[in-house]
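Each of the two complexes below includes subunit A, the first together with subunit B, the second together with subunit C.
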Partner chain A sequence: MIHIKRMQEDGADVIALIGEIDASSSIELDLAIAKSVGEGFTKILVDCGALEYISSAGLGVFMSYIEEFKDRDIRMVLFGMSERVANTFNILGLNELLQIGKDKVEAKQMVA
Partner chain B sequence: MNYTYKVGCSIENLKGVRDFIRESLKNHGVADMQISEIVLAIDEMCSNLMIHSHHCNPDDLFELHILVDKNNPVVFEIVDDGTVFDINQFHEPAIDNIVHQKRKGGLGIRLVKSIMDKIEYQKRSGRNVCRLIKAVHYQ
Partner chain C sequence: MRTKAITRLLFLVGVITWLALLFTDISIVFSASSSNIRQELPVWLPGVILNLYILSVFYYFKLKIERDDVLNFVDLLWRVFATGLVFTVISLGLRLLEFLMGSTRLTTNVVFKDLLYLVNLALMIGFLLMAFTAWKRLILYQKSKWLIRLWAFFEIGLLLSLLYNTFNFPVVEWLYATLLSVFVVVGLVLSGNMKWVAYLNFRQKWTSLLLLLLTIFYLLYLFYTNSALAESIGNTVPHFTDYRNHIFVLSLIVFVTIYSTFSFLVILFNLPTTSVFEQKLEEVVNFQRISQSIQTEQSEESVYNILLETSVSTVFADAAWLEVNSRQLNYKLFTYKITDKEAHDIITHLKTHNVKGVLEQSSDKTKNLSKHLASLKGSRFRSILAFPIYVKGENIGTLALLKELPEGFNKEMTKIVSTFANQAGISIENFRLMEEALQNERYKEELKIAKTVQKSLLPDVLEKDDDFEVAAFSESADEVGGDYYDTIRINDHQVSLIIADVSGKGTTAAFHMSQMKGIFHSLAQEDVEPDTFMVRSNQALVYCLERGSFISAIYFVINSQTKKIRYARAGHCPVLYFCADKEKAIYFKDKGIALGMVRNKSYKNFIQANEFEYKAGDVMVLYTDGITEAKDAKGEEFGYERLESVVDEVRSLGPKEIQDHLIKKLYEFTGTENINDDYTTMIVKFR
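Presenting the complex of A and B:
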C-alpha cells in the first residue's frame, strides 16, 4: 500500500512516500524515519508528491518525532503535498506544528 | 440510496473500505475535498473497531452502510457485535500532550469529531449501530 524510497541529496536524506499510509502501513513510515535518524541524518526531507492518502496513524508518526527532533536538532520538512493530503494536516492544525514546504527547493532552504 | 459493504476485521481491508466510500459518494456528486475528509473519519472509526473491539480477527465481520438521500445529510452506519466504544464519552488528549509524550495515537478521534456533524450509538436487533452523520454539498 505504501512504497518508500530513500535517497540522499546535498547531505539531506530524502524519504519519498508513494501510495497510501493507514493503520496497516504507518509502521513502514516510522521505520523509514527511525532508520534515517539511526544513520545520523540531521536533515530529513519527506517527499509527499506521490502520497495519495494519510490517516491519523500516519499523522501520529510525524507528531511522535517532534520533541525528539527538537532535542537533537534534527530538521524535518515535508513537501509536495496534494491539496487533499495538505487538508488532512490542516484539519487539526498540524501544519502549525510540522515544517511543511511547497516543493523540494523550498524544503532544502528550510533545512539549510 | 443505500450502499452496503461487509468486511472482516483485518486492517489490510481498510483500503477496500476507503474505495467503497469514495465510489459511493462520487456517484452522488459529493465534492472531492468533502469525500476525502469523510474517508478519513470513517477509516478511523473502522480501524479502531477492527483493532480495539475485534483484535484484528479477520473472521469477525462488520457492515458499513451509507445512506444517501439528496437534500439530507449522509448517514454512515457501522454495524457490529463487538464491545462498544462510545467516542462521545472519550476526552481526547490535547495536541500539546501528544507532542510532549511522543504519542503516536490520540489524533484519530479528534479528527472524527472535527469532521462529522453528529455521532450516535444505537442497538438494533441486538447489534451495535454507530451512526455518523454529515451534511454534504451535492454538485
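Presenting the complex of A and C:
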C-alpha cells in the first residue's frame, strides 16, 4: 500500500511517498509523476523518507522516466531514503542513473 | 406367479360356491313349492354359501384390480364398464331365452325363476364387487392417514357384517337398521373423495362420462331385474336366498351407486374448468423446462428460444418477440409468428411516440400497453405485454408478447410471464457462470502447460568440472516466473554461468526470461568477455523489454586453467563468496546496472568486468531477491546477514547439501513454502 502526497515548494514539486511500493501500487507512483510532468514542473523532488519498501516494478517506474527527463530537461531528485531502500537502488545500479540527495535541503540544491 | 395362481383358485372357488348355492337354494325352493317332498336341507345353508361366494369374488377382484399398477383412471372405468356390459348381456340373453320359450309351465315355475334369479344375483354381486374395488382405487388416489383409516373401517365393517348375515342371529330390528345406516353414511363420506377427477384431461373426461353413464345404467338394470325376480319368488315360497335384507349387498348397492353418480356429476361440472387446470399444469411444465434448460442447453440462444416458446404457449399469445441488446451480446431479435419488420415497426412506433416504460431497457415497469398500440395503423395487434430480462442486474433484453385482441392479457398472465422472464435471467446468468468457470479451467490448463514449458527452459543438468560442482533451485510465486539460471561449457577449460531476475513476475516475466535464455545461449558460446556479454545483451533486450521492465543478471566465466573467474554484474544481488582460508564471507558489491535500464550505447559506461581467483573449498552463493526479501510473519526480511550465517553453517558440505539447508532454513523462517516472489539460488562449490 502506498500513500502519495504532493505539494509545491519554491517552484519544485515535492512528491512524498508513504508506505510500500509493489507491482500494483507502482501504478500510482507512475500516475503521480506523470501528473507532475503534465502540470509542467521541471523540478521534481521525491521524498522517500517514509518509503519502507520498493519492488523492482517500482524501480522500473523511476527508470522509465530517465530518458524522457533528460530529453525534456526535467530534473528529478530522490531524497531521504532509508538504508534498506537505498540498498535496493544501489544493487540495481539506479544510483548511477538517478540523482539521489541526502535530505530536502541537498535535494533542492541539486535541482537548482 | 403366486398371485396369479391364487386368483385362479379364487375364481374356481367362486364358481363352485355359486353352483353349491344354486343346488341348495333350488332344492329348498323346490321342496317348499311341492308339498310331497320333505325339506331336508337347513334353510340357513344357502345364506352361508352366498357369503362364501361373496368372499371369494371379493378377494378375486381385490387381487386382480388392486395389484394392477398400470391401470390409469380411464382404464379402470373401462374395466368396470366392460364387466358391466358382459354381465348385462348375459342377463339380457336369459331374458330373451325366457321370452322365446313363451309362457309355458316351465317358465312360470318358481324353480326356473329361482335359477334365473340366482344367475342374476351372482352377476349383480360380481359387478358390485368389481366396481367397489375400482372405486377404492379412485378414492384412495390421494390418500391421507384419516382417509385410509376410514376406508379400512368401511371395508372391514362390511366384511364383518357378513358374519351377522351368516349366522342369522335373531334379527334385531334396530341393529340391522343401525348397521345399514352406518355403512350408508360412511359410504357417503367416502364418496366425497374425487381428487382423481382433476387429473383427467378434457378428452378423458368425456370418455369417463360416457363410461360412468353406462355403468350406472347397467347397475340400475341389474337392480331392477333382481328385485323383480326376488319379488315374484318371495310371493310364492317362504324361504330362498333373499338379498333384500343382506346388509353387505345393500350397503354395496348404495355405495357403488352413490359413488358412480357423484363421479358422473363431478366430472360433468368439472368439464368447463378443465382447460384452466390443464393450463396450470402446462405452466408448471414450462417452468421446469426453463429451469432445466441451464443444464441441458448448449447456448444462451436456446434459453431465449425456450423462454419465447413457453411464454407464448402459456399466455396464448398470437405473436411474440425477444429483443436481446446488451453490451456483451450482439443485437438479436428472436421472433414468433411475427416478421422482423412488423416487430421493428412496433418498436419504432413506441419510440417515436415517446411511450415510456414499454420497451425501455432501463424501465422495469411492465404494463398492459394496449392503448399505445391502438394508434399504430396497419398493425394487427391490439395488446402488448413487455418484460425486461435481467442478468446480474443488467438489462440484457426485452420480451414482448402480442395479441390481436384488445386487453388480451390478465393479471395472472402478467405474473406468470414475469416469473418466466426472471427464471430465464437466472438461467442465462448460471449459463454464463458455467462458461466462465470453463474458461477459467481452460486458462488454468494453459498455465499448467506454460509452467511445464518454462520448467524445461531451466537446465536439468548443470555443467561440472574437476574444479567445481554446481547446484541450483528455482521456484515461482505464480505458475510461471521470471528467474533464470543456466550453465554452458565454452571449451574444455572454460564454463560460463548466469543467474538472472526479470522485474515483476508472472507471465510477462516468463516471456522475458525465455528471451534471456536465448541471448545467453547465443552469446556465451562465442566466448565473449563478461562486460561485453552484458553490453550486447542490453542491446538485444532494448527491442523487446517494454518501458519500465528490466533484467538483473550476473554472468561468470570460470577458467579452470588459470583458476580465475571473470564476471560482470548487471544490477543483480551481490555475490556471496566464502573463501576457504578466511573465516569471513564477503558480498561482491561492485558497479553495474541492470539490463534494459539504459537503452543506448552509453550502457557500456555503467558495466565493468571483474576478476578473482578461486581456491578449493571456496563457496560461491548466487541468489535472487526473492530469497533476501522473503518475509516472516512479523514482516522482517530474510536479509543478507541471515543468508550468510545460514550458508556458513554448512559451507564445508557439497553444493546440493548447502542448497537444501538454505531452502529448509528459508521455509522455516517464512513459515510457508508459498513465498510471494520468484526465488532462485545457485551454489558453486570449488574443489
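Basically, the second predicted complex is superposed on the first by the 112 of 112 C-alpha atoms of A that agree within 3 Å, B and C clash if a C-alpha of one lies under 4 Å from a C-alpha of the other, contacts with A are read in each partner's own complex, and residues count from 1 in each chain.
Convention: a residue touches a chain if its C-beta (ideal position, glycine included) is under 8 Å from a C-beta of that chain, and two chains touch if they have at least 3 such contacts.
Treat the numbers as computed from the prediction; the structure is a model and nothing was measured.
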item	value
Contacts of A:Ala23 with subunit B and subunit C, given as first, second, both or neither	both
Touching partner for A:Met1 - first (subunit B), second (subunit C), both, neither	first
Touched partner set for A:Leu59, first subunit B, second subunit C, both or neither	both
Touching partner for A:Val105 - first (subunit B), second (subunit C), both, neither	neither
Touched partner set for A:Glu83, first subunit B, second subunit C, both or neither	first
Which superposed partner A:Leu31 touches (first subunit B, second subunit C, both, neither)	neither
Touched partner set for A:Leu92, first subunit B, second subunit C, both or neither	both
If touched residues of subunit A are counted for subunit B and for subunit C, the larger one	B
Set of subunit A residues, in rising order, touched by both subunit B and subunit C	23, 30, 56-57, 59-61, 63-64, 66-67, 91-94, 97
Interfacial residue positions of subunit B with respect to subunit A in the complex	11-12, 14-15, 18, 32-33, 36-37, 39-40, 43-44, 47, 50-51, 95, 98-100, 102-108, 110-111, 114-115
Residues of subunit A defined as touching subunit C within the complex	23, 30, 56-57, 59-61, 63-64, 66-67, 90-94, 96-97
Subunit C residues touching subunit A - in the complex, by the definition given at the top	501, 503-505, 547-550, 552, 570-574, 589, 591-594, 597-600, 606, 625
Subunit A residues touching subunit B - in the complex, by the definition given at the top	1, 20, 22-24, 26, 30, 53, 55-57, 59-61, 63-68, 83-84, 87-88, 91-94, 97
